[in-house]
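Consider the two complexes below, in which subunit A is the common component and subunit B and subunit C are the respective partners.
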Partner chain A sequence: MSRDNTNNAVTNRLSARPKRLSVAVILSVVFLVLIAIQVLFPEAIATHSPITIDPLAALQPPSREHWFGTDNLGRDLFSRVVHGSAYSVSIGFGATLIALAGGIVFGALAGFGGRWLDQALMRFNDVLMALPSILLALVVVALLGTGLVNTLWAIGIGLIPQFARLVRAEVLVVRNAGYVESAVGFGFSKTAVVCRHVIPNAIHPVFVLATISIGGSILAGSTLSFLKLGPQPPAPEWGLLLSEGRSVIEHAWWLGVFPGIAISLTVLSVTVVGKSLQKRYLQKES
Partner chain B sequence: MSLLRARESAIAPASAVPAAIAEVENLNISFPAGGEGRHVVRDVSFTLHPGRVLAFVGESGSGKSVTARALLGLVGDNAQVRHERLRILDHDYSNATQVDWRRIRGAGIGYVLQDALTSLDPLKTVGFEVGETVLEHRLKTKREIRSHVVDILGRVGIPDGERRYDEYPHQLSGGLRQRALIAAGIAAAPRILIADEPTTALDVSIQVQVLRLLKQSQEKGLAILLITHDLTVASTFADEILVFRQGEVVERGTAGDVLSRPRHAYTKALLQAIPGQQTRGKRLSPLPPLDLVRLRPPSASGGDGGDILEVRNLTKTFHSSTRHPRVAVDHVSFSLEYGRTLGIVGESGSGKSTVARIILGFEHADSGEVLIDGKPWSALPETKRRPRRHLVQLISQDPLGSFDPRHTVLRLLGDALGTLPAYRNTAKRDARSYELLELVGLERLHALRRPRELSGGQRQRVAIARALAVEPRLLVADEAVSALDVSIQAQILDVLRDIQKQLGLSILFISHDLGVVQHISDSVVVMKAGRVVEHGDVNAIFSSPKEPYTRELLNARHSLSHFRPAPVDAI
Partner chain C sequence: MPLQSILVSLSRRVALGVVVLWFTVTLTFAFLQIVPGDPAALLFGGDEIPTEEQLEEVRRDWGLERPVHEQYLLYIERLVHGDLGRSYQQRTEVATLLYSGVWSTVILAVAGLVLAVVISVPLATLTAGSSTLLRRFAFVFELVTISMPSFWIGIILILVFSFTLNWFPIVALDNPLSLVLPAATIALGLVGQLSQVMRESIERALKEPFILTARSRGLSDGSVRWGHALKHSYIPAATITGTFAGNVLTGVVVTETVFGRPGLGTITVAAITTHDIPLVLGVVIVSAAFFVLVNILVDLSYGLVDKRIGSSV
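Showing the complex of A and B:
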């Protein structure tokens, strides 16, 4: 009996702790740390220069010298993939930051601006949400032109409607909370109430959406580059690598496979980590 | 009457009591989860008899509900249940399996949950909900069920059962919903009914109806286990009372004995804490008075006999796209003098809270106006009113909802103090916050907690400290003690009275609880359907009400408390 009790106590203490991380989450975090190292110190990892052309070594399969093989200009694919991670990561984070900022501004305006502004903003939002965000991004690129920074804006703006809708929904809930009314009762101005109580309390689920949309942004960035609408050659952006490899894929499979794996694993890891954060948040809420 | 009956049964020989249909001996329940293991019920024994009512009385967390759930095998998977005997309806349930329990739930023991609002499935019709148990236990066929349910609905006093059968919970009023729940509890003709707080959150007149209904079932031979925090309800209704405290039964006996000759200090304290006519001017809790004189702002003389609050002809109509416009407040006028307490009583939907919201400036009146300190208030534009908002502060029923969940108590108080020019400095703010906490009877260590980590009474004290921080002249207490246990309610009522006496504040005290209003108010406004029915001195209104509605309210309360506890010797 007493031994049963102690056993129970032990298991209970374990289950009282936050749930154990799954293997998938741990692997994802490890992979993301590797990516982060690549972004910060690409020279330390890359074996060659990503842009040096060596026609004699063109289209070589993976070997000891060239781990991922070489492309049709003889550039080392492994080094290009390593250097390319900076593009993907900056698109992922940059676009999400733009979407976050835009979403908070429009969502808060809609949630607080009264009925007419709310209706106007949200109906416009509905129109934008009816279009796939990649299509929206194409329109922005068509207007702004290609390049890394423009890609970033294109994808970020395409994501704003989702964020705006979520922020508005959260603001509408928090706006009616007792503590908001209570702050009004103490004589705080409307701006003070919004900045001190409404936005901080509405922001949590928005951050969760942000972690998940980083993965989506990376994918969207690669898609645009693949269509030659993102960063321009000789930049080693992953989508661009895929696109360049496409014409010779029958002779050089490695040109499609390695950048493809890089994109897939990064997006997968970010999404797995994002979902796990989301789960934790939901648990904390309940 | 029931006093007599209870006494009789106490005197009558044991053979007069019908044989027990449920026996529980030395029940112990603990939840090993959470470190050292919480022992929530200790050595509780009781028996249920046909045609008799046993009441479990106690405050929240005293273990009364979980004890009752043990009769249904519903304590929970993570609980350890031990007992020497558990016999229900002549069967031993010591080692019952889930299948055994399922067989007895509903059919052998009916269970009426608290809170009819959330206990009925909003997507199911009333008829389905009531008939579900009967079908589950195959007591009737699908063809017979409709007439059976309509019959049950009629028995619990739901008129027009044929029509109600197809209606959804939201189409029923609170009283009807509670009856529907009881109908579901007795539909399968159980021999035992467990009613967990069946009248909490109901208006007093509906409480009486629901209790009458339970009484009828009892007279037909049902054994009832009533769980309540309300001693008055237990006393009118129960044959035997068990008083729970921290998982233990501290007192048991016939209703008459427990109420008129309580033996345990805890029962005595509980009885003394019930507010009403006999407690006016007395302290309800054994705690010493607060010392608030330090808090008195030098400017707060104000006792020049004027009115802090004047409400003139307020009218407010709510428009809705789906329903007819509803007149929530209809030409309401009253006033409140400096340093006095005005009670507003009325049942739910009488407009009392809307009046409070207009006074607090959270809602605009369609016509009429509110004056604070003799100056315009409701007519002011928000920017002009803002600098004076600190004069009127709210103490709400739900203090937790009025605190930003991210902030500590220290920060909550500091934020409120920050609106005063004298407390722009952080160090000064912190010092003052600690002082305020001490003054309302909290400790320094509470300052760094978040509101979620405090008990209900502590939260309400923080709410009071925060309201006092900004040097108000008028406190609006909207059902401020309605969600609290009776002993905590007593403490908070004492705090409010100390505030009033020592700081000369005026209090507008809104409540559906007539006893509380009678205890604390100087004058009272009775509201019904948005109108002021009667207005005057509290003693005059409670002793000789002029309006029929006031009399109706008082009668309903009286029939709940015709068993009023006799004066108890001081502890």
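Showing the complex of A and C:
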């Protein structure tokens, strides 16, 4: 009796899910397009300059003039959030690109470089994965200093092992495929086979992981900024906005609310899109 | 479970742990070598230009005038003897500085972890394999908390519960109530991931034949879930300890900063902003050691939960 209920519940959920999910996916894509427009044309959307100080307008609550209110220097919070999107997007994409490049290089080397190299690289990878990535990020920032570019490195390096492991697994699958064997049999060089056959075929699941890790990188980047270890003032990076707002939120709640909504909605949208890509890809696989 | 197999698996895990630690130490040493500029000035840190005497002191402590491999051996030797070096900015031993913050941080982390488990276990157990309203709520709740940066969760909790409702103080450190919001901040950062992993494995367990057997014996749905299926979620949940412990660590650093609590997190952030490199390296090495220890303990606990694992190793 109760088992039937469970089964019904499972089928119901499965049939109900795609519909519900697709609404979420559409909303997420729309939101991400909005973010992209903000990144490309911040001046067209922002209502004020993000850096002009106006002491007379300090700490004003949200109003028709200042949609998200103003900070303690009288800067318009809405315009700062709009201009800040470029930082989060560059951190998300930049760190992921670093991880992607590193992962492809190490993964392809391990997957195609023979047994000894494979073992050596993968044990190295296991050890790196056993360390929390925040430790690595903190060491990188401590030694290289703060700033946007160093933030990219601090986050990107820590993500490389995940990508390397996935690329290697994919390479091993593709490597044993018939067409690679024939290419080798035709006498193409190893490099040519890797670049023209193995990497293009192994890359699909890697892009799914990349989408998901864009969200993770945005979160990690905003965390470093919040700790004042990322981009420096007066950059309107969202984590930094919250960090600056933290000391005055008792009198100005809006400074602690709107930038956080921006971060969370962006990460949420990227996650929803990434998960749906993952689901679609897995369905195609099976 | 034979004693010998426990010892073998234990020594294997300890060996792996030692490798991870050695690697961390070597990595920090390699970073020091790569960064351009005078290593003595880098290690001295701070924003002021150090005097020649001060630099000389650093060079003596780290053996900087010697060849690289001797510096490396000196570094390892010092660490093996438990000497984490000196902070030139604060003119104290790194170990003393870390010890001053460790208790406050451990209390916070443990409180956050316990709260996360207390929330996740019922959430996952009650909603596994069902399509109730609660399940839908849990799905949205997990997705949202995963997408929120934990420092923002902390800010929202402060805004709502301290400033608006006045329920919890955040400045009075001797008041135990001041622990509630920081612990909740850490817990909410962990709940999403933890309950998703647990629910997945409970759902898998619910499809197993022994569940059907249990049901046919007339057990209620509740005792099937809590008495039989829940157990199966322990190992998958514990396997993510790696990322999980990393999240706890991030949570602690961020939460201490948001709430202005003293502890290892605030010490670390301050050390990075003042370029106090010996202190940063000390924090990293101690956290890595702690992290390795936790992983070994978790691996050992598998054998206690699942007898098959203990005897097969």
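By definition in this document, the second predicted complex is superposed on the first by the 265 of 286 C-alpha atoms of A that agree within 3 Å, B and C clash if a C-alpha of one lies under 4 Å from a C-alpha of the other, contacts with A are read in each partner's own complex, and residues count from 1 in each chain.
Basically, a contact is a pair of C-beta atoms (placed from the backbone, for glycine too) under 8 Å apart; a residue touches a chain by one contact, two chains touch by 3 or more.
Just so you know, these numbers come straight off a predicted model, no measurement behind them.
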Figure out whether A:Thr47 sits in contact with subunit B (first) or subunit C (second), or with both, or with neither.
neither
Looking at A:Ser22 after the superposition, I want to know if it touches subunit B, subunit C, both of them or none. Which is it: first, second, both, neither?
neither
May I ask you to decide whether A:Tyr179 touches subunit B, subunit C, both, or neither, giving the answer as first, second, both or neither?
first
Looking only at subunit A, is it subunit B or subunit C that touches more of its residues?
C
Should A:Gln119 be classified as contacting the first partner (subunit B), the second (subunit C), both, or neither?
neither
On the A-aligned overlay, A:Ser63 touches which partner chain: subunit B = first, subunit C = second, or both, or neither?
neither
Does the superposition put A:Lys228 against subunit B (first), subunit C (second), both, or neither?
second
Residue overlap on subunit A between the subunit B contact set and the subunit C contact set?
9, 12-13, 16
Going by the contact rule set out above, which residues of subunit A touch subunit C in the complex?
2-3, 6, 9-10, 12-13, 16, 127-135, 138-144, 215, 219, 222-223, 226-229, 239, 242, 245-246, 249-250, 253, 256-257, 260, 263-265, 267-268, 271-272
Applying the document's contact rule, which stretches of subunit B touch subunit A when the two form their complex?
32-35, 37, 360-362, 386-390, 392-394, 396, 398, 401-406, 415-416, 419, 470
Can you check the complex and tell me which residues of subunit A touch subunit B?
5, 8-9, 12-13, 15-16, 177-179, 181-189, 196-197, 200-201
Considering the complex alone, what residue numbers of subunit C touch subunit A?
19-20, 23-24, 27-28, 31-32, 35, 42, 129-131, 143-144, 146-152, 155-156, 158-159, 163, 206, 212, 215, 221, 242-243, 245-246, 249-250, 253-254, 257-258, 268-269, 271-273, 275, 277, 280-281, 283-284, 287-288, 291-292, 295
